[in-house]
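Labels for the chains are A, B, C and D, by order of writing; each one numbers its residues from 1.
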Amino acid sequence: MKILAFGKIVELLGKTELELDNMPNTDILLGFLQQQYPELKNMKFSLAVNKKQVTGNTEIPQGAEVALLPPFSGG
Amino acid sequence: MEKKRTPKNIFVEGAISPEKIAKSIANHSSKTDIGGHSIFLGQVRADQKEDGIVKAIEYTAYEDMALQQAYEIREAVFSKYPLSCMHIYHSLGEVKTGEICLFVFTSSKHRKAAIDACEELVERIKKELPIWGKEILDNESSEWKVNT
Amino acid sequence: MEKKRTPKNIFVEGAISPEKIAKSIANHSSKTDIGGHSIFLGQVRADQKEDGIVKAIEYTAYEDMALQQAYEIREAVFSKYPLSCMHIYHSLGEVKTGEICLFVFTSSKHRKAAIDACEELVERIKKELPIWGKEILDNESSEWKVNT
Amino acid sequence: MKILAFGKIVELLGKTELELDNMPNTDILLGFLQQQYPELKNMKFSLAVNKKQVTGNTEIPQGAEVALLPPFSGG
């Protein structure tokens, strides 16, 4: 699966993309990311799985594209 | 016959020029069932921040998702209001203070639908499209824009 | 220092061109405290009437009174909303279908004030300014426009 | 005093201006006009005295400008 970072999270991760495997749901993914990047814990962001925002723990399909989305600030 | 709409590109590289806006307005003169147009333009402000004054905003987006979201917003607003036309443009990349970064344009037979739809679009665009603005300050530092 | 405003001419001979609108927008790029512009444009519709199709509207006005009224509306709206700028233009004489006859333009730091002020201006202009439209039909007859 | 006609009333009067004297208030003026132009009775219009719309019977100052205003239809 591909993890895409946007906005402020790109700076925190130091990159725009990650490749990860064996993340069956978003809770497990978030746990892993927060361990690797502890500053994520202090950051407000939401997740999109295959370009749809999700709330609560959500299954991640095989080969999904998961995006880490800080609060939007367009316009 | 029902109208068929597909996702349209809303992104413009850099600022949106007044000439582009004029051209968009002029394109509607052949649609003689239109009685009112409502336009919203977002312009980059030279806000005073703790570390300096904003001199530009650099926009990035999750483009695929933004276009899909914009399409859904478009469909929802078209089905809610009797509109003749709707156009949405948002900048990507750098837009300097005083320049236009957002152009929302609705047209209808009567003014009320155009005005209400335009306002609703602006609110939804700001809230629902995965776009981020990074404010570039005059001392070359930067901070991430926060929408209120 | 309190701003002083005097009655401004709002009347334009004939249609309002997209180029005039573009120029008006461009003039605001130096006002870097502006974050949002709201624009309303009235366009002449080719309405089907009993005796024919509207091909133009011929506008006349009680100009002195209209300018005085527009000044009072302007002052009232400026005191109600935190606006940076406000512009009102209305056509006199003939405006063909598809052409622009009304251009209302408000600018503010934040979008809400600009949007609300623009809508209020449009309503008040239509209701309170002594301006009359005579619809010229395609068979050369005419009838007086009625605002709803 | 000067009477100004606008919109549809111009067509009804056949002119844009009238000069009248001895019209101390708007009721008397309206009575006179409706006698001269009976079709005015079937027409909706308001009056402005010196560029201010008035309602009810209103005094007309010496040398005033009185306008006959059909319903506005700008925009």
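Criterion: a contact is a pair of C-beta atoms (placed from the backbone, for glycine too) under 8 Å apart; a residue touches a chain by one contact, two chains touch by 3 or more.
Just so you know, these numbers come straight off a predicted model, no measurement behind them.
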| item | value |
| --- | --- |
| Rounded Å distance between subunit A and subunit D, as computed from the means of their C-alpha atoms | 72 |
| Subunit C and subunit D: spacing of chain centres that average the CA atoms, whole Å | 26 |
| Centre-of-Cα separation between subunit D and subunit B, whole angstrom | 48 |
| Where subunit B and subunit C are represented by their mean Cα positions, the distance between them in whole Å | 23 |
| Contacts with 2+ other chains: residues of subunit A | none |
| Two or more partner chains touched - positions in subunit B | 42, 122 |
| Chain-level touch network, classified as line, ring, star, complete or other | line |
| Pairwise chain contacts, counting only pairs that touch as defined | A-B, B-C, C-D |
| Footprint of subunit A on subunit B - complex, ascending | 42, 59-62, 64-65, 68, 90, 101-102, 122, 125-134, 144-147 |
| Contacting residues of subunit B [partner subunit C, same complex] | 18-19, 21-23, 25-26, 28-46, 97-100, 107, 109-111, 114-115, 118-119, 122, 148 |
| Contact set on subunit A toward subunit B in their complex | 4, 6-8, 48, 51-52, 67, 69-75 |
